[in-house]
Amino acid sequence: MVTAPPLTPTFLLGLTALAVLLYDSVWPDSSDASVLAGISVIGSLASLGTAGWFLSADTGLATEGISLYADAVVVDGMSLFFTALFAAVTILVALAAYDYFDDGNRGELYGLVLLATTGMSLMASANSLATAFVALELVSLPSYALVAFLKDDRGSSEAGLKYFLIGALSSAIFVFGVSLIYGATGSLLLPDVAAAFESGLGGRTGIAGVGVLMVAGGFLFKTAAVPFHFWAPEAYEGAPAPVSAYLSSASKAAGFALAFRVFVVGFPLGAATSAGIDWALLFQVLAVATMVLGNFAAATQEKVKRMLAYSSIGHAGYVLIGLAAISAEASTNGDVMGAAMAHLFVYGFMNTGAFLFVALAENWGVGRRFEDYNGLGAEKPFAAVAMTAFLFSLAGVPPLGGFFSKLFLFAGAVEAGLWWLVVIAVINSSLSLYYYSRVVRAMWFEEGEHDLGATPTALYAALAIALVGTVLLLPGFGPVIETAQEAATALFA
Amino acid sequence: MNPWIAIGALALVAVGIPVAMMVVSALLRPSVPEQGKSAVYESGEIPTGTTRIRFNIQYYMVALLFVVFDIETVLIFPWTVIYRPALEGGASMMEVLAPMLVFIGVLVVGLVWAWRQGAVQWVSSPRALEEKTEANQ
Amino acid sequence: MLQAETPLPDLLANLLGLGGVGVVGAFVAALLASIIVGNVMLAMTGVAGPWAKRKITAKFTDRIAADRIGPKGLGTIPADALRLLSKELIVPEGADRPAWDVAPLIVAGSAMLGFAVIPMGSGIQLADPEVGLAYVFAVASIASLGMVMAGYASNNKYSMLGALRAVAQNLAYEIPLVVTGMSVVLFTGSLRMSEIVAVQQETLVSIGGLAIPSWFAIVNPFAFVLFLAANVAEVGRNPFDIPEAPTEIVAGFQTEYSSVYFVLLYLGEFLHIFLGGAITAVLFLGGAAGPGPESIGFLWFVVKIWAFFLFTQWLRSAAPRLRIDQLIEVGWKGMLELSFLNLVLTALIVGVVV
Amino acid sequence: MIIETLIGFTFVAALVTFLVPDEVANRVGAALSLVPLVGTLWMWTQFDGSGNALTGGTLSFETKFDLLTLSGYQVQWFTGLDGISLPLVVLTAFLTTLAIVSAWTPIDTRQSQFYGLMLFMEANLLGMFTALDFFVWFVFWEATLLPMYFLIGVWGGPRRKYAAIKFFVYTNVASLLMFVGFVALTFGGLGDSIDTLALPEVAMALNAGGNVSSFMGLAPDTLKLAAFLAMFVGFAVKVPVAPLHTWLPDAHVEAPTPASVMLAGVLLKMGTYAMLRFNFTMLPDVAGDLAVLIAALGAFSVIYGAILALAQEDLKRIVAYSSVSSMGYVLLGLIAYTEFGVAGATFQMIAHGLISGLMFMAVGVIYNTTHTRMVGDMSGLADRMPVTVGIFVAGAFGYMGLPLMAGFAGEYFIFVGSFHSTVIPSAPLFTAAAMFGIVIVAGYLLLAMQRTLFGPFSLDADYEVGPAPFHDVAPLAVLLLAVIALGVAPDLFLDMIQNAIAPLVGGGA
Amino acid sequence: MVPIEYYLVLSAAVFSIGLYGLLTRENALLFLMSVELMLNAANINFVAFSVQWGNLTGQVMSLFVMGLAAAEVAVGIGIILVLYRNFNDVDVTLPQSMRW
């Protein structure tokens, strides 16, 4: 079956990052980034391909997964699924960055993106809270720098600062939570932590409860969910658009990947609930708060990028259903979590695509407000069609990938008996159609005059790939959801 | 006996002796306050401007580089300690050595990159810069 | 074994019968031992700073120095001490007071703290914790904090520059120093100072009945040279006396200091030289080992650290000072790579040998 | 696989048309649209199905394979044709081609996008009428709305943005309601007794009776009622049934003519088609209970639409409101649950599709020439553009149900059927009310035409008025021929329709 | 042996001080210091619990935390430097070019 090391996809990403840095070391003054972009894309493609190959070869899907390094890392369907997602988003971002940052040297940019992707892939594989923390930081640190990448831009540096401040705070909270979990259970390995939970924690439930809460805080930051969402609008708006795309899809997915594994494997709900730590309830509340806040705030925005930022918070709320709808013994847990994973996958394409269009608009020098997009449909039909598809998919309008993933997610929640949650989610989803369609209206229905430059090839290519991804996920949704649900179900085994 | 008791005691002594010297000096020395004396020394000129000057960014770059590398040495320490016992315990050399080679390899890549990006290049003279850009054209 | 099985405080406790009094007794014994060690070291620096330094430099430059007071000018030592202590303390305008006051304490204190784990032979070792080597590196590098505080708090541009340069230099050479030190640990498999010394007592080869001990200076001369260089930089002596660089920035971070504060900074620097020598001796020169009975180990130890002192003074006369950019280049582009190389090579050698 | 091939081809055709230059897009679009037209006509000739698709009849051109699993339900790709869907599929392909040709004159900007969207809509409509799995059907159903949204919003009149949004919001909310109703019924009510959401399976499970369980605290009967109402309201918006029709006049007035043709000709039929498939086939007993309400709504739509038409000055608005009126008959015919009623209603969908298409197209041609649609602004157009006016008048007669025209057959059957209905209480009363409506609308239509088309020529604006170009008139002529052909020989479709609805009226109420 | 609760109280106190500083200070550098405090509170826990449980996991983890804290500071200071260049201040409440 598998003849390469199980962590090959992760290794490939890391090696690509080193290759980029090496290339940049050898030719530090080269102002042509095509080689850098090429290395990044090829490396990510290789990683994506390997992950796909492993997935199709059923690595660890049927079994418990392959544990490595004294159980600190596990490779299973879920980690491969997410790694494929991260690699795909990285390809898009690497292509987009080629045109977006058109001055000077970009070695550090590609290096940072690839390192962060490596970290994300590791997050998806983490089977120990120590690995989780290290991987989380490996994602966060490059992200901070990426957000502040435009050194002379006030918005970018402000965004970087805010992202960093809240990031530092939340990672401190996370690690303190981990220390409490360690205190309560005596181990950082998730299976051992779970065993301690199962055996009743020996009267240390108080510490464990605070610890679980704090660990959840760390994930909520990474996924831009309430109450750690403050950074998201600022960071996404101020950051260079490809970076916003990267953060809002890949980074968010990574947070969820880790949260899924830590909570499901590490803090089994049945044992946790009997110890008074009902985290599913916590996530139910947070899911509602997050989606309501994200969608309502998005509806009041005047700038496209900021609207997308808030809508990204809203989507975090939907995905949180994947955790909220878990119950101790239900056989449907795998289905709903798999649906959440599939939604993240689809989201990876459509949301990245939407931000890439914003990148394109910034590249053209079009403004940031809704009105500034007026008439783009007539002037650049292809890009506008792509954007329209992304937005409608984000809204969950049926013919597109976003509809299916939301449908499966909500169906899973209904099966788990969370009718009220689904009702709120559907109302939110309908509201989202309103603000997404504002962009569509501006692009197609309004008249506008722009002095648009050439069409940047790589950005267009990225946009096209994202579009193909979004559209192909309609007929190709079957394998995605099946893989996701199978992987998620294996987690509950 | 716990060795840290002795270390604590030495810490007391290490602070105590200088403090004692200060006390002795305070008893001995005169105090003749005078305006001119307390002016900061600037080659005898009247001090200009503030001391909080902007200094070369390279100091900062070096400090950053250090922060990263110094912490990495912390992670190498445990490895050096167990290296020989592990080998004597029967582990093969590659098994013990390879992870650290990878670790150091990654570090070296980072160092080389920083080096080539000019993180440790103290002076970049305009002439050198000019030559560099010309060579690239 | 040259090492006393029991560290000095225990010895004292037993001698004075304090062993039975519990923690308090132990503390009293430790305090006594600390006072002994601290004063011995201070005495050495007292000799070295005002007198030996001048004498040595004078020899190198074929001059006569310090010959007015006492035989061979030895009376200079108490005279200087009294002179400096009774000088007026001038506080510069705009000094950042607490920091400015504390800086000398840190510089002097950190050096002295380092001696806690050094086995000086003849049973003189205050403490022997498991992590001795890490401890001594950690404590020694606190001094740069003191230098920055001194430089920053003085409100003087020269001081500020000196402080910055001190930091840059310490940072650049700290890592090679520690990494090279770790290559020794690869042999010993322990960070305990007494272990490190003990491992070096084994005979490496016998040449004509003369047993050559496996001092790491002999086993791994490459590491020794690296360590020596990094150590000289770390204690800020020529050719690495960038932080003070009297001909460039007056006196660096200590420009604005006078009276007892200056004495403390000055003493602290000399203590650091001796601490550097002590670390070198322990890591590479077999600690207090030498011909003769174990009880004179302390003498050998003193010889070794004085040898290091002599070496620094020789460099002071012989070597020109590097420019700051050269210093950084040598540190980051040369020493660091070499020290990593050394680490890997040592690991390979150990692997092959074991 | 012929259905899939046609749908796939049409999608590709849409993409190709989207990418060709504007100058050639009209011809490319028209040429490509011929392929699905020919394909559907061929399917018509080869049609060999019998019975109703949802009650175990034999399907023609059936394709079925598994796609994925959703919460325990197998989602299938399941398409096929029966006597109800085939005529609608033919109508779709036929009207699309004609609408594309009729767009050559009025659409003068962003042509490639326009024709691309038309073909995209056609592809989705074909999928919608052939799909027999709920999810696949729903995807196509919703996807049909998107192109219309853009067609109205981009190429429409002065208030196009408002109209597009209104259309979009109305239809989307309706879809959501319908979706919730259906899902509650199947997921909750049928529970584990089915393992796919294929429409035949759902319909048969429901009609088998007695196996609906209570859900969310709703008793089985209440659940069925709630689901019926949710679906009915959802579809009624599409039809539209008064009082849920308010989006329609706006959309029609603002939409460019070809889009109006598609909207009135095909998109309105989606609502009645879905009502027939879902409400009246799956829950006939509930429908029977609500018959009086539904019949009243149908009659109300007829009269209300007619009266509103009376008050209009805009030709397009008149036609639009008369559509509301016409769809009222269809509803009335469907609820009658007699062979004549349901078959007539189904036939009327086709007939009305053709005739309203014709009317809108004719109004469009006039507008192209005169740049106004206001009744008071012009008169005596017959002198200047006789052919167009002739066809227009003929179409209006068709609307009134003149014998030998398609409208006659449909309306006649509907009235006969509803008159004899045993399901609707006091059926003759409703029938008479509806018949009254037809008189109003026909009368007013003729009056308006009289004022605009005949008499001495005058025009408020300063435009040269002459005969319309050939490619404007040709679609009108073709449509008129089709209307007459169906009027003369209704059996072209009526046989298969009757065959398909027979199981419904046999087992109804 | 000092009871484990004492360490917990100590670390909680350090954590709270850090949190307090972080919420009340406006200077970015003080903010960084506060975060360091919070991280080191976690380190106290790790080391104390490591002794308590008799395994080395906690000590190793504290090394990781230290390393990553240093890296975080490195990145943070870089960002603050950029911020200073753009806004001429290190007050974290000052940049408000994107208020909602």
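As written, the chain order gives the labels A, B, C, D and E, with residue 1 at the start of each chain.
Just so we're on the same page, contacts are C-beta pairs under 8 Å (C-beta built on N, C-alpha and C of every residue); 3 or more make two chains touch, one makes a residue touch a chain.
None of the values given here were measured: they were computed from a predicted structure.
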Looking at the contacts, which chains touch chain C and chain D alike?
-> none
Chains adjacent to chain A and to chain D under the stated definition are none
Pick the chain whose C-alpha centre of mass, unweighted, sits closest to the average of all protein C-alpha coordinates shown.
-> A
Of all chains, the one whose CA centroid lies most distant from that of chain D is C
Computed distance of Cα centres, chain E from chain C, in Å | 33
If you average the CA atoms of chain A and of chain C, how far apart do the two points sit, in angstrom?
-> 52
Using mean CA coordinates as chain centres, what's the chain B-chain C distance in Å?
-> 16
Centroid spacing, where centroids are CA-atom means, of chain B and chain E in whole angstrom = 21
If you look at chain B, which of its residues touch at least two other chains?
-> 70, 115
Return the residues of chain E touching two or more other chains; collapse runs of consecutive numbers into ranges.
-> 60, 71, 78
State which pairs of chains touch, listing all of them.
-> A-B, A-D, A-E, B-C, B-E
Across the complex, what residues on chain B touch chain E?
-> 60, 64, 67-68, 70-72, 74-75, 78
Contacting residues of chain D [partner chain A, same complex] | 18, 67-71, 109-110, 113, 124, 138-143, 146, 150, 153-154, 160-161, 164-165, 168, 172-173, 175-176, 180, 187, 216
Chain A partner, complex, touching residues on chain B are 106, 109-110, 112-113, 115-118, 132-133, 136
Chain A residues touching chain B in their complex are 18, 21-22, 24-26, 28-31, 107-108, 111
Interfacial residue positions of chain A with respect to chain E in the complex | 130, 133-134, 137, 140-141, 144-145, 148, 151-155, 157-162, 164-165, 168-169, 171-173, 175-176, 178-180, 182-183, 186-188, 207, 233-234, 237-238, 297, 306
